[in-house]
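The next part holds the structures, each set out as structure tokens.
After this come two complexes, each holding subunit A, first together with subunit B and then together with subunit C.
Then we have the complex of A and B:
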């Protein structure tokens, strides 16, 4: 079901995006031919672009793709009844944009309890531009760099100690919603804590930092940056861990175990009982007369 | 002459029976030695040839028995390494992710069994799977017994023993689940502590008594261990023995059929047939459990980590057999009352203490309730087809529906994430469904049973549909019907007639309304209620056709058939209907249908 929704959403989103892109392109051509290069996919001069250019590009992208819900100045929009359409993004920081847009959660395909993860709409450069624009509005958490969440460069012992520490932090702070294997769990009113089994380490870090959607913010005062790294080290070690006990049954705990006990276990046993009862001693076996 | 030598040896072997008397074989000698001291021969002669009827559904209880044996075997293995202690130690085994973490010895030894004892994880997983299968097979056995009416006199007490086995099995499962002291089982014990404390007045005292002080204390794991490996297994063994002795004493029930009556058992002898079948089944149960233990991960305690009251995980559920009270707890609205400084937590007390107790009592009393309603005091050794007791069948299906809905409630979070739905909506739906669902299930099942009874009558009176379409001279089409096999017709018609009583009519349990002196029999205060319930119990029950109806129907069929046959041009099988004996089964039209 979720898969169906996703693919349906991705089709509609692509259609919308292409149209939007074309309008944007026409606008750019009309205003100034020079801007064309910035929208062209062949442009690779990331490093060469100045911060001001990125912010300006980001603002344009924002006005096209985000402003309808978040407002023209990212101030947030509400209906006349006071219901929120989109929250203010002032001060959420580049990390929030990188998480929301980088995992495809934003832009949302349709309003709902929670924005599901889906294929990204913007390319890396566009995400960076959007992040730069939102970061320019007010100070907020920046996008973490690779050394913030990668265990590379650690010695074996350091890494092991980090994993053990991270495991305890994970079990204390994360499992209540994300489940003990990180397989995800239910939240009230149709919300859910998503599975962490495939999530990019950078996005895990950003999620802790910014607390997207139903999630709490685990600020650096709450879980220090080194501890965040430990948590990611633990999650990655659990992904690499072999299935010691065999097939993991979805990692959902006793409910799936019970289902397998009944369907696979009792199903097989009853099947064998039928088989044994059907094969019995007969004084004679007449074709078509067996009862 | 070499041939002469072989001849003598032949003589010797052919006379071996005579030789036994003089010089017994080694096996014979051992058997004789044992028999002189134990008197096994007389007992064996009678019991080894004891006859059991054959049907797949009679083997469901056997799954439970053999799972219990697997539990004993694997459980003994686990006790050799498990340390039931709550003293804190630093874990230093081979599992990297928890190395150096402080945990109870119970948890540390569970990790040792899983990672450092050869075959330990396999034994742990087999033990856990066998526990789940033990209780599941007891339940399907219970359902078979109830649906076929095998709980009726004289087997009511064996039903009670079976229910106690189910209860004890559940408690045994819960105590075992709690032993590893991992995050999941600790959460379970924490919940149990809350349940006990929800009992008004005595709750806190019972909790402090059980835990040796405030939760968690240091006592609960050693205490649960003693209960798990000694107390409950002992009770289970004793009750299983009683259950099986009663089975032997009552003799096994059987399905009705030609030659099978209330006074005999038609089947195969224990030795060799059932010794082979049951023995073989043990190996199958062991094998299936071993395959499950080897390939399917269960209760991966290393992922949960040690218990710590500050931690909890999503997907914290009990094992399936405790899932339904957990479900009732999950959907219960938060109601509590305050009397002075005291709080009565109805939202916990009702679903988790009162409801299971109430439903278990209902389960225990089902045979007695049924006997009271029907007034049936006769012994029953022939099984009833579920359709022939519509109210009973519908009652159990209603109970199963209730159980299933509570079960669903117990997994509401898993349902919510798997089906992308709101946990709140699921909860609201189930709050209503647990009341409405069983009623709907009852009505539907009852009507299906009655419809099936009608269908049986239809088949008996008019035969089964052959699929052969006949066309008459004036163009009308009709389907050719053939009578059902006589063995089948016999089995279908072995059932009581005339159990239906009207509200004002006399009861059929043999109690006369007046004694010899014309004094009316004393009626209990509940007699009126009983009459009404009985009328409802049998309401709309379809009676089997009478002999006259059958004769009439067959005569009619014969007539019809003769008409059809005349047009048919061939296969004027009229003789099938005058004495539908052996010819039926040879009729090619019957095909594979039986």
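Then we have the complex of A and C:
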């Protein structure tokens, strides 16, 4: 019953969205899967689920929600002429699943260069099951724990030092795609590097570990775990930073700033020029006949 | 034709006499004392607004706290915002006030200024020509080619001192300035056996730490001297120049996807390849890499290099491939350079060679 209520609330919330049909379909599938799971004897106790149960449930979810693109054994699918439908998930690890499904990027609404972030389709438990299943296929990066990415427990000085170190690492490794302000930017073939300013610290950490879509991997051998935490501290500091130079115009650099200068700046100057050169109003009255 | 025109003019003039300049229409402020006073008040009001802005500027400067812990207004730094708006307002209102003053109250004449011919008078031109001809005739420059030609020659030769002096002001771009390691356009601080270290942190890298899909932004260990490596400290401009020329991107590509260039078959370590991070077009640093295609894209002009294929240009204005750094592993198991880059890094210049991959082989390694 609880599950039913949750699904109903979720449906009414997403009813007017564009992907509502797909979501509804998935919900239906999930509901039937969930009901099956509820009545099957293997997964009655929620809080004491064994690894094997999670993997089994994850496999079931995978077969309904993911296998159409990634293959029945997550081996990846290609068309006859070699075009990729979905990459192999063997060895991508739990972190990749937690990032892709946990941010709503997967399941994709339609194939394309970019998997945009959207409302999540699976709940936390289901994401954990899917992650457990994919992790069981081959070793890969695990989901980071809270002390890996959280800057909560840091003292003021520690945080300050982390922000300084993280800033240098960010400027060297991340700005090429994600912009100096973390606002993201354009990539080839219509893709884009997303903004980091709203992203959950866990998902930033997982993205570095796994390299989603066309992003490079920044494994722990590349950027050590403590340096990853520094980068997260820096990104968090950018969120709190006010715009000292006025409105950031999206932080997109010359495109938005240039558009503003050309349209608003030069437009205003043209307005003044027209005003200066325009004829003033004239009166019919003659001088000396003041009213 | 000439005798027809006066007739026609005479006729049309009679039909439609020259109306002359239309009677001047005055502005309301010229004829209406009330409007005049209103305009006066407007202008004074604008100057007053400017004064208020100036006072507010001083107040904002004194009261609002700038900097990282300063006041914030609508997510903007309050101090900068207030200073900019008030000073801008102070200047703008003076400007608007002056224009309003000129439009409404300053003198309202209409002035006619006649055009004048640009040429000199006929007499002046004739006199000048006569003087020039007399000079030519008296000097006999047309009759004495020996004198004329030797004068032209000696004047032309006067360019030589300028060329020699200016040339001696500095070295040619390809010449080495100073005697430090990696000076000049053709060399960097990379040497045989120098370790590859992570940029910013300066730690050496083992091949096992480089996963497939990883992108390392790396530097030579000379940029991060420690007691352990015993390398000399670089300072100031020397450090910046060395760092910017030696920067590399390093990544691991599955060996079966890698197409090593001719003579570069042993430049990678199990698929780990390193390339100069400096674009060969105009020298922007590049690290915008698409993991799935191994295409490295320059943000400045979209030059794209295929890192799985010796850094060849696949798109954009760059004229040459990215220089590749030959890699090896030292006895401690860390990644090292086999040599300096075998060609100059960064944008092209006149004197550099134009060898393509394959024409420079291992023979160039030193």
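Here, the second predicted complex is superposed on the first by the 228 of 291 C-alpha atoms of A that agree within 3 Å, B and C clash if a C-alpha of one lies under 4 Å from a C-alpha of the other, contacts with A are read in each partner's own complex, and residues count from 1 in each chain.
One rule holds in what follows: contacts are C-beta pairs under 8 Å (C-beta built on N, C-alpha and C of every residue); 3 or more make two chains touch, one makes a residue touch a chain.
All of these numbers come straight from a predicted model, not from anything done at the bench.
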item	value
Subunit B versus subunit C as contact partner of A:262, first or second or both or neither	first
First (subunit B), second (subunit C), both or neither touched by A:164	first
Which of subunit B and subunit C A:252 touches, first, second, both or neither	first
Partner chain(s) touched by A:243 [first = subunit B, second = subunit C, both, neither]	both
Partner chain in contact with A:181 - subunit B first, subunit C second, else both or neither	first
Touching partner for A:211 - first (subunit B), second (subunit C), both, neither	second
First (subunit B), second (subunit C), both or neither touched by A:221	second
Contacts of A:234 with subunit B and subunit C, given as first, second, both or neither	first
When both partners are placed on the shared chain, which of subunit B and subunit C touches more of subunit A	B
Partner chain in contact with A:112 - subunit B first, subunit C second, else both or neither	neither
Subunit A positions touched by subunit B in one structure and by subunit C in the second	168, 172, 176-177, 187-188, 243-247, 272, 276, 280-281, 289, 291
Subunit A residues within the subunit B interface of the complex	1-2, 5, 113, 160-161, 163-164, 167-168, 171-172, 175-181, 183-190, 192-193, 234, 237-238, 241, 243-249, 251-262, 264-266, 268-270, 272-274, 276-278, 280-281, 288-289, 291
Contact set on subunit C toward subunit A in their complex	25-28, 30-34, 72, 75-77, 80-81, 84, 99, 103-104, 198-201, 205-206, 208-217, 251, 286-293, 295, 297, 299, 304
Contact set on subunit A toward subunit C in their complex	165, 168-169, 172-173, 176-177, 187-188, 211, 213-219, 221-224, 227, 242-247, 272, 275-276, 280-287, 289-291
Subunit A partner contacts - residues on subunit B that touch it in the complex	54-60, 62-63, 96-101, 114-115, 121, 125, 129, 132-133, 136-137, 140, 183-184, 268, 273, 277, 280-281, 284-285, 288-289, 292, 294-300, 302-305, 308, 310-320, 323, 410-414, 416-417, 419-425, 487, 585, 592, 594
